[in-house]
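Scrolling down, you'll hit the structures one after another.
Paired with subunit B in one complex and with subunit C in the other, subunit A is shared by the two complexes that follow.
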Partner chain A sequence: MADPQSRTTGKRLAVVGAGAVGGAVVDLASEYGHTITAFADSTSAAIDPNGIDTDAVLTRKDETGTVGESDSSVAVDATYDVLIEATPTTLGDAQPGFSHLRTALERDRDVVLANKGPVAERYADVQQVLHDSDGSLRFEATVGGAIPVLSTLEDISPAQVTAVRGVLNGTANFILSRMATEGINYEHVLAEAQDLGVAEADPAFDVEGTDAALKCVILANVLSTDNREYTLADATVDGITNIPGSALELAAEEGRTIRLVGEATPTGVHVGPRLIPQNTALAVTGTRNIVQLETTNAGQLNLSGRGAGGPETASAILADVSRL
Partner chain B sequence: MRRRETRLFSYPVTHSTDTKFIVGGALAVTSPERRPPDNHDADTTKSEGKSENEHNQNDMTSDGDTIPAPLDDPASENEIEPDGGNNPQPHTVRLELTDEPGQLLAALQPIAENGGNLLSIFHERGNLTPRGRIPVEVDLECPPDRFDIIVDALRAEDVNVIQAGAERYAEEVIVMLIGDLVETDLSDTLERIEECGSVSVADVALSAPEGRDDVSSARLRLATRAGRTADAIAAVRDVVADKQLHIIEPLTEEAI
Partner chain C sequence: MADPQSRTTGKRLAVVGAGAVGGAVVDLASEYGHTITAFADSTSAAIDPNGIDTDAVLTRKDETGTVGESDSSVAVDATYDVLIEATPTTLGDAQPGFSHLRTALERDRDVVLANKGPVAERYADVQQVLHDSDGSLRFEATVGGAIPVLSTLEDISPAQVTAVRGVLNGTANFILSRMATEGINYEHVLAEAQDLGVAEADPAFDVEGTDAALKCVILANVLSTDNREYTLADATVDGITNIPGSALELAAEEGRTIRLVGEATPTGVHVGPRLIPQNTALAVTGTRNIVQLETTNAGQLNLSGRGAGGPETASAILADVSRL
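So, the complex of A and B:
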C-alpha cells in the first residue's frame, strides 16, 4: 500500500507503458516524492488525479495482465505534470510513442522518454513540437540505462565533446564476454542468455546492433551542432551473430577481445564488433555498459554502469523528472 | 657511441610465405619481415669496392665502431647532435655487394660519414641476388633531409643500391577476418591486401576448428606505413567485402 502522504508530494506523473521500466517507475515514484496519477499499458489504464494505488495496480498487472478499468488511450489526456513515455521502442514513425509525446507537449506538459523511437527516428519532428510547447523534454533513460550520459553531455556542453563511443547493449556484451571466457559458440551462449532472461526470445534487436545504433543515433542528434538530424538509416550497423568462438580465441592470444562498440563522431554513426585490448576501460564484461566521451578540454571520460533493467532505467527517468 | 647491432641470418631474396594448413585445428602462417617491391630506381652500377686496407685506415675504434667524419655544415660545429640527428626517422637501404673482403665496410662508411645511425645490418651470406651478389639490408636512422645525401654518397662510392626508402612499415595493426577463409583462398586474400601498397601482412593466424565445414577466423598483423593505418584498413575492408568475408577492425589507439 502506498503511503497516502506521498500521493500529494512532488510531481504528478503519468506513466505510459507497463513493461519492466514503466512498472519500476510506478513502483519507485513515491521513493522520489512523486505521485502517479495515470498508468497505462497497451490495453488498459488506471487513472486517479489524486494518485493511484501503485501497489494494487502493479499486483493487478501481474495477476490479470491489465492495470485498470479505463481505456489505455485516456492516460495521455489525464491530469499530470510529467508524461513518462515507456512504451516499446518502434522504428520508422516511432508510434505510438511520438503521438504520446506530442499530445503531452501540446498540452504544455513535460515529457520524459524511456522510448528511444521518437528521438532516434524523428528528432527533428520532436524538436518542432518542443519548440511550440511550454513543456520540456528529457530522455536520459534512452541511452545507457542508469548511466548519466546525456546529463553529463549537457553539463560538459555538446560543443565540447568531439566523439562518443561505448558498449551500449548489455545482451550483446554478455554474449561476447561469455564466448570469450568460456570458449563456447554464439548459439550456446545465446540460449544461456535467454534462459537467464538477459536476452529476449527474439534477440535480433540486440544482437544485430539495432539497439546500440539507436542509442548512438540519439547521441549524434544531441551532439549535432549544425542541426543535422540523424536516424537509424544514417548509421552503419553490424551485429555479432556471425562471430565464431575461434575469433575470440585468436583475439585473446594477442591480448585482445571483441566488443560491440557504437560510435557517434562527426563522421557519422557506426556500430559493429571491434577489436580492443583486454583489460581496458571499454572491455566491460557481462551486461555492463560503458560510454566514453572524448572532450576538448577534459580529455577522455568513462561512464560505466548498468545499461538496462527496470529499477536501473527507472532511476534515470526519475532523475530526469528531478531535473525538469 | 653509436648503437650498432649486427644480425646475420639468411632468408630468401624472393619473399615467400611459409604456410602450413592444418584443417580442423589452428593454423599459423608467419612470413619473414617483408619488404615492398622496389619502387625506387634500381642502381645497376657495378660496385667496384675498395680493399679492406683502405678502409682500415679510416676511423675505426678498437671495437670496430665507426667514428663519423664531421659534417661540413659550419652551423653544426658548435651543436651537439645525437646519433641520427635531432629528428631521426628509420630508413631501410637494400644493397648488393660482391663477395669480396671489405665490401660491407665500404658500404657502411658513407652512411656513418653522412650522419646516419646504423640500427641493424642483415648480411645475407648464402643468398645471392639474380646478379650473383650478396644482398645486404641496412636499417638506419637519420633526419629526413639527410637520407638522400646518404644514398647519393653510397652511389658515389659505387655501392650498388637496389632499394632505398624511408621505413615503410612503421606501424602495426591487428584485424580479424571471419568467413569462409579457406574456400575463398586465403593466400589470394592476403596477396590482394598487400597489393594496395600501403600494407604488408606480417603475420597470420588461422583458426578453423570445424575444418572447411564452418566459418573460420584469421588474425592478421598488418605492418602499415606511418600515418596510413586507416588507408590500410580501408584496403582490407574492400578486399574482404569483395569476398563476402567479415572484418573486425580495431578501434583507433586513442579510443582505448
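So, the complex of A and C:
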C-alpha cells in the first residue's frame, strides 16, 4: 500500500474473445498502463509485439466483424505476459477455453479467466496444468462481475469461510424484481427483458439457473478443503421459469419476496428460488448481484455491485492482472 | 488462486498492543499458520524467538494485567517478520505507534497497522520512512474493521475510484438506529449503549465523528493522486450529539432516516449526519458498517460487515499479513 498507484507495472496482454468483455479489456487496458499485444475473435486476430492500435482494431471489429488479418489461433502463441481468456463459457470439455489456458500455462505465462468453463467443469485438470507451470491463474471475473468475491475469499483465507451465498444472475434477478413490482407474469417480463437486452434471445442459461450454478461451483472448488472437485453435475439447480406471479404476490403479503439464490459450502452447491424478507441484503433489485460470505472470525461480509457488463467485468480482469 | 489454502506461509509476528484487537491476533495467529514471537502491552512484554505460549500469555494478561517479564519496549527490537501495531490511536504525533512503525521499517521488517494514527495524522512521514525501507506496510484494519475496503481499493486501483462514502462508526450507528426504532432521545440511548459496552465511558471519539473522520482521512490519503497529505485538520466533521429524537421522527415520516456518513474524495473529507432513504444500502442498522466505492468502470460497489470487534479486526490484520 506504499504507493498503490504505481503498484501495477505495465504488462503485455493477449486477449482471446472479442465479445463485450474482451472488447472492454482491449478498450481499457491502456488506462491501467498495459499494452495489448494480441487480440483474437473466433475467426481472426490482430498481433503486434509492440502493441496493437486498439482503437483501430475495435473500430474494425464493429465495421467488418473481424479484428485483424491473422488467423485466430496465433494469438495464444503470440508475445504476451498474461493471457486473458474471454471466449464464451462452454460446458463439459470447456473448449476452446481450456486449450487456450493450457497453451499459455505450458509457456509459463499467467492466465486470467473471464470464461467460467475451465474452473467450473475441469478444475482438477486446470490444477494439474497449473502445478506443472511457472505461470499463475486468476479468475475473479467468473463470479459476480465487478464484485471482488474471489480476492476477498483469498485474502481472508478459504479455510475461514464456512459458506458463500448470493444472487449471482442479473437477468433472473431483473425478471423476479419486475414480476414483484409490476405484478406481471414471467413470460411478459421475459419479453420485456429481451427487448431491453437484459435477457438473451435464448435465456435458458440464465433463467434455468445454470449460470448461477456455474458461479457457485467455482466458489465450491475454491472453498474445497479436501481437493474434491465440483462440476455442474454436482449442483442441485432449480430456475425461475415455473414461478407464477401469484407466488410473488403471496410472498409480498408476508413482507417477503423471491430471489434466485445460489449457495456454495465446503460440501455442496445448491441454486434455487428462495423466500427472502423484503428490504434485506439478499433482496437486491434489478440486475445487481450480491454475495454473502459467512466467516469464522469476521462474521458475515456482504459484497454487492454490478454482476455483469463489459467494463464492469473488465475492471475485475484488470484487478486480477494487478494482483498477479 | 492455484491453491489458496497454502498461499499463506507461516510468519513470525510481533504484536504491540494488548487490547481486544492485539489479544485476538495473538489468539488466532496459529489458526493461520503464524507464530507469535513477541507480544507487548504498555508495561511488559513476552518474547521468544521460537514462539511464545499464547494461551499462557493471554491467561496471564487476564489474571495479572501484564503479558510477561520483559520490558515493553523490547518487543519492536525482537525477532519477527511482521510488526502488528495495535496500540491505541493517538492524534497529532501519533505516538507511540509512529515510533514502533519506524523502528520496524528501519529494520526492513513489514508492518501491519490496526492503529489509525500514523496513516491518518502522519501519512507523509510514514511514506518517507517506507521509501527508505525494504519493508512493506498494510493497514486494512484501520478502516471498516473486517470489511476489505483498502484491499479492494488497491485491487481496482485508487485512480479508478472517484469517491468512497460510508457508515464507518458502529457506536454512532447503533445510537441512531435505536433512536429511530425506539423513539427515545440521544442521552437515553447513549446510556443504554454504555451499559451494553457498545459505547465507551467517554464516547466523544465516536459520537463527535472523530473516529469516522480518521477513517475517511486514511481513505483520502490512499485516494490522493497528487501526493497531497490529509490529516484530521483537513476534515469537516459534525457528530450526532445534537440530533433530537424529533429529527428522526420527521425523517421517518418521509421514508428516511439519519446516518452518520463519512465521505472521502480525491479532494476532501467530510463527516456528518445525513438524511438517507430507509431500506437503502447506507441505512445499515446496529453496529454494522458499510462502505460504498464509486468507480469509473465498475459502477458502485457496496461492502458491508462488522466494523469493529477483536476477532473481526484481527481477521483483517491476518488478511494483510497474507497479502504481504
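To be clear about the criterion, the second predicted complex is superposed on the first by the 313 of 324 C-alpha atoms of A that agree within 3 Å, B and C clash if a C-alpha of one lies under 4 Å from a C-alpha of the other, contacts with A are read in each partner's own complex, and residues count from 1 in each chain.
Please note the rule applied: a contact is a pair of C-beta atoms (placed from the backbone, for glycine too) under 8 Å apart; a residue touches a chain by one contact, two chains touch by 3 or more.
A quick note: this is a predicted structure, and the numbers were derived from the prediction, not measured.
S.K.: Considering only the touch criterion stated at the top, classify A:L137 as touching first (subunit B), second (subunit C), both, or neither.
M.R.: Once the two structures are laid over each other on A, A:L137 reaches subunit C alone.
S.K.: Please indicate which partner A:A281 is in contact with in the superposed arrangement: first for subunit B, second for subunit C, both, or neither.
M.R.: A:A281 contacts both subunit B and subunit C.
S.K.: Of the two partner chains, subunit B (first) and subunit C (second), which one does A:L168 touch, if any: first, second, both, or neither?
M.R.: neither
S.K.: Quick check on the superposed pair: does A:A298 touch subunit B, subunit C, both, or neither? Answer first, second, both or neither.
M.R.: A:A298 contacts subunit C only, not subunit B.
S.K.: Check the residue A:I36 against both partner chains and state whether it touches subunit B (first), subunit C (second), both, or neither.
M.R.: A:I36: touches no partner chain.
S.K.: Now for A:S157: first (subunit B), second (subunit C), both, or neither, which partner does it touch?
M.R.: The answer is second: A:S157 touches subunit C but not subunit B.
S.K.: Using the superposition on chain A described above, determine whether A:V222 touches subunit B (first), subunit C (second), both, or neither.
M.R.: second
S.K.: Please work out whether A:Q127 is in contact with subunit B alone, subunit C alone, both, or neither, and reply first, second, both or neither.
M.R.: After superposition on chain A, A:Q127 lies in contact with subunit C alone.
S.K.: Counting residues of subunit A touched by each partner, does subunit B or subunit C come out ahead?
M.R.: The partner making contact with more of subunit A's residues is C.
S.K.: Taking the contacts subunit A makes with subunit B in one complex and with subunit C in the other, which residues are shared?
M.R.: 281
S.K.: How about subunit A: which of its residues touch subunit B in the complex?
M.R.: Per the touch definition, subunit A meets subunit B at residues 165, 238, 242-247, 249-251, 253-254, 256, 258, 261, 272-277, 280-282, 292, 294.
S.K.: Given the complex with subunit A, which residues does subunit B contribute to the contact?
M.R.: Against subunit A, the touching part of subunit B is residues 174-176, 178-179, 205, 207-209, 214-219, 221, 246, 248-251, 254-256.
S.K.: Please output the residues of subunit C touching subunit A within their complex, sorted ascending.
M.R.: 1-5, 7-8, 24, 28, 31-32, 127, 130-131, 136-139, 146-148, 150-160, 222, 225, 279, 281, 295, 297-306, 309, 311-312, 314-316, 318-319, 322-323
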